[in-house]
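What follows is a single structure, written as structure tokens, with notes after it.
First chain written, first letter: the chains are A, B, C and D, and each begins at residue 1.
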Amino acid sequence: MADQPIRVTVWHEHVHEKKNKVVADLYPDGMHAVMKAGIEEYLGSQVKVGTALLEQPEHGLTQEVLDNTDVLTWWGHRAHNEVDDEIVDRVYKRVLEGMGLIVLHSGHYAKIFKKLMGTGCGLKWREAAEKERLWVVNPGHPIVDGLDEYFELEHTEMYGELFDIPTPDELIFISWFEGGEVFRSGCTWTRGKGKVFYFRPGHETFPIYYDKNVRKVLANGVKYVAPRTGSPYSLKAPNIDKPLSPINSTHEVDESLHQH
Amino acid sequence: MADQPIRVTVWHEHVHEKKNKVVADLYPDGMHAVMKAGIEEYLGSQVKVGTALLEQPEHGLTQEVLDNTDVLTWWGHRAHNEVDDEIVDRVYKRVLEGMGLIVLHSGHYAKIFKKLMGTGCGLKWREAAEKERLWVVNPGHPIVDGLDEYFELEHTEMYGELFDIPTPDELIFISWFEGGEVFRSGCTWTRGKGKVFYFRPGHETFPIYYDKNVRKVLANGVKYVAPRTGSPYSLKAPNIDKPLSPINSTHEVDESLHQH
Amino acid sequence: MADQPIRVTVWHEHVHEKKNKVVADLYPDGMHAVMKAGIEEYLGSQVKVGTALLEQPEHGLTQEVLDNTDVLTWWGHRAHNEVDDEIVDRVYKRVLEGMGLIVLHSGHYAKIFKKLMGTGCGLKWREAAEKERLWVVNPGHPIVDGLDEYFELEHTEMYGELFDIPTPDELIFISWFEGGEVFRSGCTWTRGKGKVFYFRPGHETFPIYYDKNVRKVLANGVKYVAPRTGSPYSLKAPNIDKPLSPINSTHEVDESLHQH
Amino acid sequence: MADQPIRVTVWHEHVHEKKNKVVADLYPDGMHAVMKAGIEEYLGSQVKVGTALLEQPEHGLTQEVLDNTDVLTWWGHRAHNEVDDEIVDRVYKRVLEGMGLIVLHSGHYAKIFKKLMGTGCGLKWREAAEKERLWVVNPGHPIVDGLDEYFELEHTEMYGELFDIPTPDELIFISWFEGGEVFRSGCTWTRGKGKVFYFRPGHETFPIYYDKNVRKVLANGVKYVAPRTGSPYSLKAPNIDKPLSPINSTHEVDESLHQH
């Protein structure tokens, strides 16, 4: 592929670490630092990873940062409503233009995810530290490269169906939970030229982002949603006055109508 | 099926008729009147059809009207921005809860359609009164019941790809245009419990809604997107504290974390 | 819809009942009799249900029987290889032409299912009489009409992913199994004009077809896959010598090439 | 990605060249030679391309050749029925296990394509040397990398809908034909671990495989369907006697039933 490294921005709400000792102890430098390390562990010089936080000006997502981001990862939970609508629109536009987006765990309720999905994005949940087993249901997919047919997380928060999303373009993982639920834990969608990958694991009070399988999926995901040149795309609706092929119609056209 | 008639509300912007003599002459009682008649022509006592207009209080879409609507059809063009966001949210919520929605022609840029799709919804266009031929690509689908393998509209506005939509759950029609473009003219998506059907024809300066095939598709569409009882659905994200099956985990759960 | 009842043929291998006392005790008149009763329980005069068995001439699926079948249900396990290829081809052709097909449980390995899917159709399995919980993931779908958000089967054979099928057009149920697996238990596909519905439950040594939810799904499925008139369909590849629109090309065509 | 080149085998029926002077003049070394050159033109050392012909022993597709093929391209027309069923089964198995397959033009009726699709695979056709314009409808897809929003072929055989295929996982091109038809000209499906890409252009009496856009798509396609390691896959249906998680069920299991 390209010789240029994939430019990744790890976006993090960074709220729990400041309020909850369990989280702070697990992630002394913030969850974003561990996600960054996880991606770099597998991709090395294939990526150049930066971070951005809610607390920063423009949430760290200035136009310049986004223009220089190929793949954005998103973790949020408590502070979804504190994300500025203008920044959400900015990210949205970049996704349509081709930037890859990886939405993690409680990011299912992030403004940007709901805006891209067009559905409620709700789900069931339970914090009982139960076991999760993620089954691969798309074994040839690049995102599962190097995985076994399932992997387990010993203690997780449960997310259960109904997960209120549009039919995924690709369903990659289905989770089994000890307490009795199932969940579509790995899904992709195309929006404009951009690819969106939702990946379920990531509860802040468990060491999820230290798990080697989770990190592998994250790294595979970065490579998968990274943009190609593709063919032209525009958010405009262009008028094509001159037909490409001859029109034999003899209908009288009222020129006053030519406005859209 | 059910003995109750399907309750349809035909929503119309109703702007062109007041400003353009061609449109006024074609649709002296408004396009909504002709759409209503078209649906009734094929479905008779199977439907009960009302209309609602932008100019009415709450655009004619009060909570009561929506609560008593099974299928909403939507035609808009010039005045998309005049539709109140609160009404859009109200319609959106009803679609997720199961109300069927049929979006017509220039409604591709309606707020409600963009909100449900999560994409830019742009397209190419040309007003040259050219011929359109709509090919059926899903011959067993209820929406094409009674059609031939294609039908033609002698004079139409052209809509061309790229149509910036998410992958349709079902692709039903592809249009050929005399001037050289193609278009995915009939598409469906599921959003929450609701079905959305986009149908391309409907330019205001041509007698499109008098065409028997267009009317047949409209009627078939009403039946197709009409809601079923289905299984439970909620826009909430419920906590399921009590597991359905026993959890053998021995992990200590910090109760202070139990907040979502 | 039509006033005519849907003509259903319940096809059954009918082998286990003769060899295994448990099955014979559960289904003294054969599983097909109970499936038939289940469909009739919910659909009454909306259906006319017949049965056909492997042991009958042409497996009970003569051309005449198939020509008068709107929906075929298929249960097989031990004797997949005893089904005549000619009969499989006959069923296949009818599905493409619009007959609905419901494939049940171990029918995942039936010749007709593999031929329609184009994949291996394998899965994992275990007979440990464990609990299965089927979660609805498509709450507005006609097939789940009248169900709750999940239903349970106290004792079932387990089927686990990877279920080697093409991406379903619609995913309706995901099963949770006590022993740790998940499964896409309700899926639909379109093939030609026909709809195919695979529904997992149905192990012969448990009273699955007496379960009210299973019967409800079976009845809903019959209504869902029943054919419409639709638009024309042909298994031929017709030559369309005369173009529908004028061709301005000036290329010399070698007439000797006109053979496909 | 991998440092190893993608191993491509270009399979060709190689019949028309021997019977038709037009074809022989266009492709003096056979169409396969030109396809090979086209792939190599864009991918250079990223690929290692071999060819295989119907006329060779085992049609050039020995088990060894297939075991050393990452991507197989397939062109056939007159001699579909001369392809040995055993070879078809061999290719089929390799696709499910992960080998990429690119089916070209009249290959829509090849045994291997029909077996993988599970449908009739028919279409309409006309040889009138008309113009074809292929529109990109998936602008971020790797297969359209480097293309404009459409490309044209001045003289082609027409293929028209209904193209009797299962819903593609991805729809990439829609063709417009001068004579009035449309066609889904670029489609992908997943089968087992393998990716299948159907690409329409390729009529033998026109210089299609010399066209730079066609060659670019072919090269992009090779990269897209090339297999990854992925996660484990098996054509077997394994019994998983030992549950992954404890089963609390108390049901008596009759051991004599444990046979699948």
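Keep in mind that, in the parts below, a residue touches a chain if its C-beta (ideal position, glycine included) is under 8 Å from a C-beta of that chain, and two chains touch if they have at least 3 such contacts.
Owing to the predicted nature of the structure, the values given are computational and were not obtained by experimental measurement.
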- Note on the structure: In terms of mean CA position, the chain most removed from chain A is C
- Go through A-D and B-D and name the pair with more C-beta contacts between its chains. A-D
- Centre distance in Å when chain A and chain B are each reduced to the mean of their C-alpha atoms: 28
- Note on the structure: Between the Cα centroids of chain B and chain D the separation in whole angstrom comes to 36
- Message: Please tell me the distance, in whole Å, between the geometric centres of chain A and chain D computed from their C-alpha atoms.
- Response: 31
- Multi-chain contact residues (two or more partners), chain C: 131, 133, 136, 139, 149, 160, 162, 167, 169-170, 176, 178, 180-181, 190, 192, 233, 244-246, 248
- Which chain B residues qualify as touching chain A in the complex? 20, 22, 96, 109, 115-120, 122-131, 154-155, 158, 160, 162, 164, 166-167, 169, 178-181, 189-192, 205, 233-241, 243-249, 251-254, 256-258, 260
- Across the complex, what residues on chain A touch chain C? 133, 135-137, 139, 149, 160-163, 167, 170-171, 174-177, 180-182, 184, 246, 248
- Would you mind writing out the residues of chain D in touch with chain A in their complex? 1, 98, 131, 133, 136, 138-142, 144-149, 169-170, 176, 178, 190, 192-195, 227-233, 244-245
